[in-house]
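The following pair of complexes shares a single chain, subunit A, combined with subunit B in the former and subunit C in the latter.
Up next is the complex of A and B:
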């Protein structure tokens, strides 16, 4: 484990040095979060009762989403990994006495977490002091807060396990750009990154919940706001665990298959 | 102990001719060609040996190194290194080897070199006492004490290469694979790297396998040479054998005025224009002094120099001999 933890440390520390990017990110996320909230306000004003959750819960959901964006943004990939596959730098990584899947997984965790740490605190602090229905509120209760933390971690791991599959696709396609674009839009939409999943028509919701994407940001945020409670929350977390196990398994199998016939590019 | 027996590796390469119509055609039907990178490679290297692995571009040198370091899986044949099959027991195997790919970097680009070193230490689980001992020795021998605090992106090629080599040796490997370690280095860095490789081999008994196109590397470092071409081992012998076998020719460069160079049976004229001639003499049939006296009898010699066949020419003549 020590090798992975120091690998995590070095990537995490390297990520912390990009402070200007963090400030730029924070201001973008404020603008974006603010705009989304105003947009939904317009809808709520016409008929608040036709929406599945109160407006203050929605604001909390949206601010959490902005604050923790770096954890769940589907369009972010570590280009080092794609480069190492497409130009052959992977040769060195294969000369290390460790498991490549775990190493890449940890690397992704480190980069995303270092970005989140830099961004989430200022956003949440400011959003907490906004006037009432527009602010981020405390979790729906102690249990909700506790379940949220666990579920947040699970959702984060599910997202990374899924993006590992995109990285692995680079072994087969040389240029992974097409798959990345496709996967990014699919994940963003189906995970509730654009519209929270409870706002979708009820008839198609079961379909959305049957996909792994609902186990990413959707579950922890809905637990936090109190939309998911008790057994429903626990069940959703069990589903998160199942998807995590499944995606990791598929990723590892794909990795093993890819490495068997790996070709190191560029001499 | 490294043992390779009948190793084979083929790659599938997609080919198409130039032009739009061909490009469109290849959208529907792609033509692949199988390239036999390695056809039948067998050799044995004992512990503590220093071996030069040479051959023209595309001969299969790097593929062999990658198979021996567990990166590639061969299509056929056997390979055991210290009792292990590299691609089957990759993790255990790579713990005992160090690899330098001259054209790639293992140092993290945006952090100081020393951070990369410490990460490598943790990856190989080197205990801190052994690490400090190795590190201080490496920094001294490679003269990188000052530069390890700099981020890798700001190093010159020579500095970076020295750090790369140090990085590959932090876990005290028994075997060191060097794939073109001196590529692109200036004379001073080359000498430093060579001295270092020699020292590591002599003092630690590290087995060193070196691929290079720089024949001075080979001359300075290795006793034994493996020549590979078209995916086969063509020659396995010592450098001095090779020289003895091929160095019977000497080259005479003559600047002259007046007179015309006649043609002799024993002297081949390689080049002759504007009063400058390059001649090749086979010393088995004609001594150098005899050749010189014949030339000075025929023309007015202004300057004359004698050179033996350089190792580069030696290799070129080997490549020609084996038609690779």
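Up next is the complex of A and C:
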């Protein structure tokens, strides 16, 4: 356990070094969030009765999404891992007396969290002081806040467990760029990264909720805004746990199979 | 010009060597913008209109942005990956060759896999042109063409600006995404939906609205002023300061050495 926590610490501290990049990222995400909110305002003005949630909830959702973007962005991958698979560096990793799956998992967590830590506070602070319906608000209640924290963690783990599958695909292809692009667009869309899931037509929502992607950012954000409450929130969190267990299991199995066959060319 | 086509052919052959990867990329590009299309479609099944623009009108707007962006990305991609040229020091190689830098940067990368995006844009245009109920008289067709050309000009300007900034900072470049990717993302809707301030910003600072919003008003018949359809030509002016800034950066360029 100690070794993993030091992997985590090294990666985390390395991630904290990129301050200029963080400021650039913060301004980008702020502009992005603002524009998205303005877009939804136009829809709101066209037909307020079709809005599935109060406008302030939507603003909160979108600001949370921007602030915690680094946790849930599907297009971000640790290139070191892809490189180590394609250039054979993985041979060194395999010599280490620790489990490869857990190590990659922990490294991913660390990079994403370090980016989030740098970026989320300024975004949330500024967003909190915006005029009323456009600002980020406090969670819908004490329980909502507590459940949000747990579910945020679960959703984060589900996302990483899924992106582990993409890393594993690099064992089978020479250039993983195509798969990464495909997976990214699928995850972003089905997780509610482009439009929040409650804004989809009611008839197709069950289909979206049946996929693991709804257990990523969607569940914690909807719990925070109070859209999901009580039993529904608990049920969604149970679903999160199930997906997490399932994806980790599949990932580990695939990794074992891939490692059995992996051939590292000497040199 | 002949040399340029030689380079294009070379790049095409080069990328066709990895066919599977190429088609995966193209498919991925297609899917990325297809999910964007779906999100608009789903929002419209819920709301039906936004500021009285109908679904097919939005699609015209979307496809104009997407077509001009994907064409720019295909042919002006060299400027998009320009920071890498600086980081790796390959710019020095370009500088010592007896051809213009712009020419060499343009021919260094041509991304044909953007064809995926382009196909989607074309498909939407083909659907939206009859569905929008616009009477396609010659002046409207002329307007649409001008919009596309103006769009390519403005996006090229943005890419050049992005490259120029990389002379000064590599890490801070992410904020330029607001203008390049952001314009593509948010330009799907007529820029007036974001309110007066944003529209002004996109008219006078980053002139996206010049080819996307004003001529669009003429195109869908909200305005009878034919002058609006000529505004994309003004977008060409945007390239000048961007290019000047690029020259400025190039003059101050100090190699990374080695």
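Everything that follows uses one rule, which is that the second predicted complex is superposed on the first by the 265 of 267 C-alpha atoms of A that agree within 3 Å, B and C clash if a C-alpha of one lies under 4 Å from a C-alpha of the other, contacts with A are read in each partner's own complex, and residues count from 1 in each chain.
Quick note on the criterion: a residue touches a chain if its C-beta (ideal position, glycine included) is under 8 Å from a C-beta of that chain, and two chains touch if they have at least 3 such contacts.
The structure displayed is predicted, hence computed values, not measured ones.
Superposition of the two complexes onto subunit A shows subunit B and subunit C fitting side by side, with no clash. The vertex angle at subunit A, taken between the C-alpha centres of subunit B and subunit C once both structures are aligned on chain A, is 90 degrees to the nearest 10.
When the two complexes are overlaid on their common chain A, residue A:186 makes contact with subunit C while staying clear of subunit B.
In the superposed pair of complexes, A:32 makes contact with subunit C only, with no contact to subunit B. By the touch criterion defined above, A:89 lies against subunit B but remains apart from subunit C after alignment on the C-alpha atoms of chain A. Of the two partner chains placed around the shared chain by superposition, neither subunit B nor subunit C is touched by A:79. In the superposed pair of complexes, A:23 makes contact with subunit C only, with no contact to subunit B. When the shared chain is aligned, subunit B comes close enough to touch A:97, but subunit C does not.
Considering which of subunit B and subunit C touches more of subunit A, the answer is C. When the two structures are aligned on their common chain, the gap between the nearest CA atoms of subunit B and subunit C comes to 7 Å.
Per the touch definition, subunit B reaches subunit A in the complex via residues 11, 62, 66, 69-73, 90-92, 94-95, 97, 99, 101, 103-106, 108, 110-111, 115-116, 118-119, 122-125.
On subunit C, the positions that touch subunit A within their shared complex are 18, 20-21, 23-25, 27-29, 31-32, 34-36, 38-39, 42-43, 45-52, 169, 171-175, 177-178, 182, 185-186, 189, 193-195, 198. By the touch criterion stated above, subunit A contacts subunit B in their complex at residues 2-3, 6-7, 10, 13-14, 17, 88-89, 91-92, 94-99, 260-264, 266-267.
The touching residues of subunit A, when paired with subunit C in their complex, are 18, 20-21, 23-25, 27-28, 31-32, 35, 38-39, 41-43, 45-47, 50, 174-175, 177-182, 184-186, 188-189, 194-195, 199-201, 204.
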